[in-house]
Structures are given as structure tokens and as C-alpha cells.
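Across the two complexes that follow, subunit A remains constant while its partner is subunit B and subsequently subunit C.
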Partner chain A sequence: MITVSKSYHWLTKSSFCFLLCCLIWHNQYAQTDSLFKAQDLCSQKKFEQAIQIIDNVVNHIETKEDPSAWHIRSFAYLQLYTQSGKYNTSKIGLLDTSVASAVQSMKLDIKGEYKDQNAQFIENSSKKMFNLCIVLLKDSLNSSKSDFFYNKYKKITTLIKPDFNFKEKDLEYYNGTGSIFVDLYLKNKSKKEYQDVAKLSLLKAIEIDPKNISANINLGVLFYNEGVELMNKLEYDVDLSQLDIVQENAKKLFKQSLPFMNKVYELEPKDARAIDGLEGIYHALNDGEMENFFKQKKQALDKK
Partner chain B sequence: MHKFSFILKFKKSFLFVLLFVAFTNNNANAQSTDYKAYSLYVYNFMKYIEWPEEENTSDFVIGLLGDSKIKEELLVLASHKKLKGRKIVFKQFDKVGDIIFCNLLYVTSSKSSSIKLINQKFASKPMLIVGEREDSVYKGAALSFTTTDEDQLKFDINKKEIESHKLKISSSLVKLGTLIN
Partner chain C sequence: MKQILKYSLFIILAFTSLSFQQQQSFDPNAKVKACFIYNFTRYFEWPEKMKTGNFIIHIIGSNSVLNQELNKMAASKQVGNQKLEIKSGSAIDASLKPHIIFLLTDASDMLKDVASKFKGKGTLVITEKPGLAKTGSSINFVIADNKQKFEYSKKNAEKSGLKTSEELKSLAIAVD
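On to the complex of A and B.
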């Protein structure tokens, strides 16, 4: 009895171990098989179905540390985003997941098998973010959302290029935003919010590059025109004491414009916009001597 | 271990970057200079100075001697406003000899040396001479613009000249300007 019982016990134990091994092997095989399935679906451009499979794989205990699984996931999400249409802000979560998966794949990829491709996925996502921020500015005039995507672009770029110098890009972005909103404001002066965005962006551009002619001239013109507008809004029947208050406010704006116009003139003494603006500012500030100085400069420029 | 491989196609990723740069070259221009304050004062002078009754029947004539950017503002004033129901007419003159009678004559800075001559030509006529140049009141203008230390546009009043042209200035206008005599 004892012998029988022992062998029965051994058999049961062995069977259990065998079954467990089979299960583990099967499970592992099943996960690897899922990876192949996901890759196959990706090649058929069935990214949604691929994602359903790959999401399970990366969450599975046996494969959650497999860099290839995260790599496929990054690709599938990136492609699904691309499929969702150009500049789709509502599906931006797909890009976020793609980037996060590529980062995770890079972390687990000790051999560096997927390093270059993962970096490529991240770079592609960052470019999409940059394009999105430009489209948001130009088409929907949504500067705060555009800023959000621009910052995302910078954050993602840093993942693959930690030493990337954003100075040029920042300048381009803020100067571009400023120009777009100056233009919008000049077309519709009732939209003060456009003016505010323009000022803020141009000031940021000047902070990065104080000698930037475009940012300086735009900001100078913006303050100057605001002063002119203030005066132009006055009705002829205005009380003269009221005129004093408006004049005072307008003067403040003309004085704010002055350093930006002067900077452009200092950098580019033949810039007609700066000369024209300075003539106007000094006239508004009742400085006849300086007004005349720039008037003559303008005449000399016109002769040429 | 099988290595999974995907090839990404980069399409037009930097197209917008280039478009963006092109767009940023669009710079704004300054608006025309601020002469609005001058024209607002001119209109208030018209309101607060009294012309003899017999002069109040026909159109109110604003004359401009010389060339100044205020011309555009005065043309706007003439086309948009009336003075106590009277039409406002704008006329421009190059030299003193061309000037015909106006209710108000605006003398630009470059022509301020002609004020004495104008006064001789239109002595005792109800013509209000307004000088653009700061010291014009000392040369015979009834009113002239001046600037305060705070860069505020104000005006000086030569009451004697006003009265010599049979005009009356209201006390409220006197309060806002500076009397030189």
C-alpha cells in the first residue's frame, strides 16, 4: 500500500509539474505567438486589432519586460495615430502611448536591438507635435493649445536628444506666433486678446534674442499703433479734460514702443519701418527735433 | 529571438516648419502719425470761440497754410462734423498771397514766420489764427500749441489777438489753456 501510495503521489506530483511546465511553455509560446500576430496585423495596417493583442502582451507577466513587445506597441500606436487623420488633436493620447512605449522598450533593450528604431518613433512623434502646434496657430488661432503641443514637442525631443538646444526653435516659434497674432490683430483691432498673445510671444522672442529685428519691429509697431488707436477712438466732441487723460495713456504706449524701434534703427539704420515709426513716435511725444531728424532720414531714404 | 522590424516613412514632416518661417517674415507697419489730438483741439477752438453774428450764416471755412499731416485730419473733420448746423469747408494755401478769408487759419510750423504778414492782411477781420509752432502766440497767432514737461499737448492763448479780430473766447477754454497776456 505504501509503495502504491508513494508512486501514486510521485505520479501526481510529476504530472502537476509537467502540466505546469506545459502551461508555462504554452503561455510563453502563446505570448510570442501574439507578438507575431500583432506584427502581422501591423503589416496589414490593422493597427487597432494589433493594439488589442499587444496591450495584453505588454501587461502579461511573462512578456512585460520584452523590449520587442513595447517596440511593436510603439509602432502600432504611432501608425494608428497617423491613420486617424492629419493633425488630429483629439487622438493625441495615441502619440503619448507610442512615445511611452518606445521609451519603455529602450529601457529594457539592453542589447540595443531596437534603439535606433525606437528613437525614430519618438522623433516622428515629436515632429507631429511640432506640426500640430503650427497648425493650431494658423488654422484655429488657439495659442494656448499650440503652446501645450510645443512644450510637448520639446519634452519628447529631449528624450532622444537630451542636449538639444532649443534656442533657435524657441525663437522661431515665438517670433512666428507673434507675427501671426500681430497680423490678426491689425486686421481686427477689436480682438484685444490677439494683441496680448502677440505681445507676450514677441517679448519671449526678444528675451531669447534681443537683436531680433522682426520681433523688435513688430513689438514697436504694436505699442505705437495701440497709442494711435487710443487717440483715433476719440470723438470730436470729447471733453478736453478727457483728452488729457487719453493723451497721457497714449504717450505711455509711444514711450513703450520707443526702445524697440530704436533697437531696429540701431541694428539696421536703413530700415524704413523703423525710421517711419520713430518719426511718428517723436511727433507723438512732441519732440520736434527728433521728429525732424527722422523725417530727413526718411526723405533721404526715399530719394534713393 | 526574432527581431521585429518596422520601417517608418517620413513624409513632409518639415513642410510646415518651412511654411512657418515664411509666414514669420510678415511684419507690421506703423499707422499714420498722431495728429488727432491737434484736430480735436481745433474743433474745440471752433466750439468755444465766438464769431460775430454776421459771420455765422455761411459755411465755416478752415484754412491750412503750408503742408502738414494735419491736413488729413482736418479733411476728416470737415467731412464728418458740422459746427452748429454749419457745413465745414477745408481750404489749403501755399503762400500768404493765396490766402482768402477763412474763419480759422491753421499755420503750419514751417510757415510760422508769415503770421505777422497774415495779421496785416486780415487785420480786424474775424479770423482765428492757430499756430502749430510753440511760440506762434508771440508772433501774433491767437492760439498756438505747446507741450508740457509730461509731453502733453496743450495750447497758449493770446487774448489780445483774439479780441483784435473781434472774436470772443469762452471762459471754459481759457481755463484749459495758458494765457500769455
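On to the complex of A and C.
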């Protein structure tokens, strides 16, 4: 039987501990080395390669709670998105990852070493989201997709500015959407869906700011034009009873446009668009007295 | 970007108001009147001798939008086998045998002359000034409740030599 002396036993035990420490240290060192490598690749603008490394670092048991790793990851993803081209919706996942990494870094960053920069990354991402939703509206006319990105922008902004007041941004967004779709509808009146999006957005804008001139004008124009379209679509051989119904419906639309135009006139009595609009609406409503009133206002304005 | 966005929205708004101005030439009543007039050709029966040649609508007075609308209608519609023909002027064209004479507001004073001249000739006289259905026209366009409607005098239509329909009375503001 082999007997092991106590000292030998102690030696084995301590060697094992030493080896384990070396291994851990080496592993940790390897991760730290990877982090430097990723950082280096970022400075060379090789973000795709940097991401391959940094993704392993943040998943590694030894470094997954290192705020600097998450911070670098946020940066790399944000830059890769920027590199992928302006307003790239297919790569939006990169922005999401950048934001999530910045948030994680902030959580782990007890000393607040990366706080400002992380906030900056999040803010950059939220700005990109906002720009994206506007571009989507104009290019793809996809209002629901645009709404999705706008809501994302709001969600991300709230991460760094929990008390941010979105009133102005909401107004800008809904007014912008409304204007774009009013214009589209006026160019192609068969596209009823454009009109619906415009109405909905402008009503939201007015809900936020009832005194908003452009939203009121656009809504007035929309309802008025809808009435005109209804009349223009009439067939000459329309049944007389049907003719009365069409007139009734058009009248309702002309009346619906009135409060919006009146609001603009009330706020800006010298706004030529409001005066023109009201003259047209009263003409359509066969209200000669009011039509003349605004005709005279227009003439007086023209003289000035 | 923000500035670009604001600038582009400004352009869009400018387009929008322009579109509204373009609609100003729209006269809802011109289209409605054209529809009414075309419908009247189905509710009245003209004398046999007037069932050949073109179906003539004689407009007296000035309303360029209405003229345009009626000409548009004439280009796409017929009355039975008869082609529609629109004749416009400020006075009666004596060489015409119109099926319909439409005295516009500025020619309303001519009603008495027109009614007596075309009595029994098979010409439907239309006016657009309050009260004229009682003083000689068969159809008089009026505005009621913000809408275009018409008064109908069966008596005057019969005096004009037209066979009338009872159904029309139910769709009109009857004056007799």
C-alpha cells in the first residue's frame, strides 16, 4: 500500500489550486485580450469582426458583467448599422442590440464611467429611429411601419430621458404624416386609404394642439375635397332620389370642413388659405351670404 | 435632418393649399343641375315631331361652368336616339326649335316672352330664380337646406305641350 505523506498531499492540493488560478487568470486575461482586440477592430472600423469577438466576451462568465464590454458592444453595433447605409430598415436589429447593450452597460456601470457615452449611443439610436420613420412615410408610404418606428423612438428616448415631453415631437410627427398623406391623396384621389391615414394623423395632431394651423387647414381641405369628389363622381343619369342622397352626404362633408377652416380664420384672420377655403366651402353649401362675406374679405386682402 | 424635414413639410403644405385653390372653380350646382336636366328628359314626353334630329338644350344667360358641364354631358349622353346639342347665348336663337330652354338668373326677365313664344311648342322651360315656377316656367331650380332642389309646375309643363309624369311631382317641390 502506498502511503502519501501529509506534506505531499498539501503540495498536490496547492498545486491544483495554483493551476486553477492560472487557468482562471488565463481565461480572464484571454477575455480581456479579446476586449482589447474588439476595441482595436472598432478603431479600424472593422465592426463586423469586432462584433464576432465582443459577442463572445459579453457571453463569457468572467466578463459578462463588465460594463466596458457592453459599452464597446453598443458602440460596435451602432457603427455597423451606420455603415450598412442610411435608413436601412432591414438592419434595424443592429440598432436594437446597440440600445440593449448600452442599457446593460449602464446597469452594470456602478461607478458611472460610461454613463454619458452610453446615453449618447442611445440618443443616437433614437434619432436614427425618428429619421427612419419619416423616411418610411415618404418612400414606402407605409404608415404602420413608420408608426412602429416612431413608437420605438419614443420607447428608446424614455430610457435616457424618462421625463421627456413628447408633445412637440408627436405634433411634428402626426402633422408631418397628415401633410404627406393629404398631398398623396390630392394627387391620387382613388387612394382612399391615403385619405384615412391623413385624417387620423391630423386629428391626432389637433388633439395635441387644437390651435395648430396646418393641421386645421389640412383637415378642412380633406373634408372639402371629399365632398367635391363625391359630387364629381355623379353620373348624369343618376336616379333623382339618389342625387338627393349624394347631395346630402356632400353637404355633411362640407359642413365637417367648416370648423377646421373657421378655427384657422379665428386664429389668423388674414390667412388667405382660410379665407379662400371658407369662400369655397360656403359656395359649396349654397350659402351666398357667407360666400360673399369671404369674397369681400379676400378682395380686401388682395388690395393690401 | 430636422431642418430638412421641416423644409420638406413646408413644401408639402404649400402644395396642399394650392390644391384647395384649384377646387375653387368647382361649382357643385353645375353638376347637379346637369344631372337634373338629363333626368328631366326621362320624365317628360316631347311631341312626336320633336323626336327626330338633335335634342337641343338652349341656355340663355351666362354661366361658363354650367355650360362646360352640359357640353361634357352632351359628349357622353343621348336622349333615346337623339344626340344632345347645347346652344348657348344671351338671347333666344329664333332659328332653333329647342327641347329645353334654360333661362339662367341673368336672363330671368325673359321668362314672360319665352313662355308665350314657346307655348304649346313642346319646349320645357327651366329657370333658376325664386318664384318663377309660379309665373311661367315648368321647372325652377331653388336652394333649400343647402341643397339644389327644383320646383315643378305640372300646369306650365302641360301648357308647353309636354306630356308629364306624376312621378316627378313626388321628387319635386310642387307649386300647383
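In this text, the second predicted complex is superposed on the first by the 296 of 304 C-alpha atoms of A that agree within 3 Å, B and C clash if a C-alpha of one lies under 4 Å from a C-alpha of the other, contacts with A are read in each partner's own complex, and residues count from 1 in each chain.
The rule is simple: a contact is a pair of C-beta atoms (placed from the backbone, for glycine too) under 8 Å apart; a residue touches a chain by one contact, two chains touch by 3 or more.
Owing to the predicted nature of the structure, the values given are computational and were not obtained by experimental measurement.
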Subunit A as common anchor, with subunit B and subunit C clashing or fitting: clash
Subunit B versus subunit C as contact partner of A:206, first or second or both or neither: neither
Touched partner set for A:258, first subunit B, second subunit C, both or neither: neither
Which of subunit B and subunit C A:113 touches, first, second, both or neither: first
Touch count on subunit A, higher of subunit B and subunit C: B
First (subunit B), second (subunit C), both or neither touched by A:225: both
Subunit B versus subunit C as contact partner of A:39, first or second or both or neither: first
Touching partner for A:71 - first (subunit B), second (subunit C), both, neither: first
First (subunit B), second (subunit C), both or neither touched by A:121: first
Subunit C-contacting residues of subunit A that also contact subunit B: 127, 131, 134, 138, 172, 175-176, 179-180, 182-183, 186, 214, 217-218, 221, 224-225, 227-228, 231-232, 234, 236-238, 240-241, 243-244, 247-248, 250-251, 254, 273, 276-277, 279-280, 283-287
Of subunit A, residues touching subunit B in the complex: 35-36, 39, 42, 68, 71-72, 75, 78, 113-114, 117, 120-121, 124, 127-128, 130-131, 134-135, 138, 172, 175-176, 179-180, 182-183, 186, 214, 217-218, 220-222, 224-225, 227-229, 231-232, 234, 236-238, 240-241, 243-244, 247-248, 250-251, 254, 273, 276-277, 279-280, 283-288
Interfacial residue positions of subunit B with respect to subunit A in the complex: 1-6, 8, 10, 13-14, 16-17, 19-21, 23-34, 36-37, 39-41, 43-44, 77, 80-81, 109, 147, 150-153, 173, 176
Interfacial residue positions of subunit C with respect to subunit A in the complex: 1, 5, 8-9, 12-13, 15-17, 19-21, 23-24, 26-29, 31-32, 34-36, 38-39, 73, 76-77, 143, 146-148, 171
Partner subunit C, residues of subunit A touching it in the complex: 127, 131, 134, 138, 172, 175-176, 179-180, 182-183, 186, 214, 217-218, 221, 224-225, 227-228, 231-232, 234-241, 243-244, 247-248, 250-251, 254, 273, 276-277, 279-280, 283-287
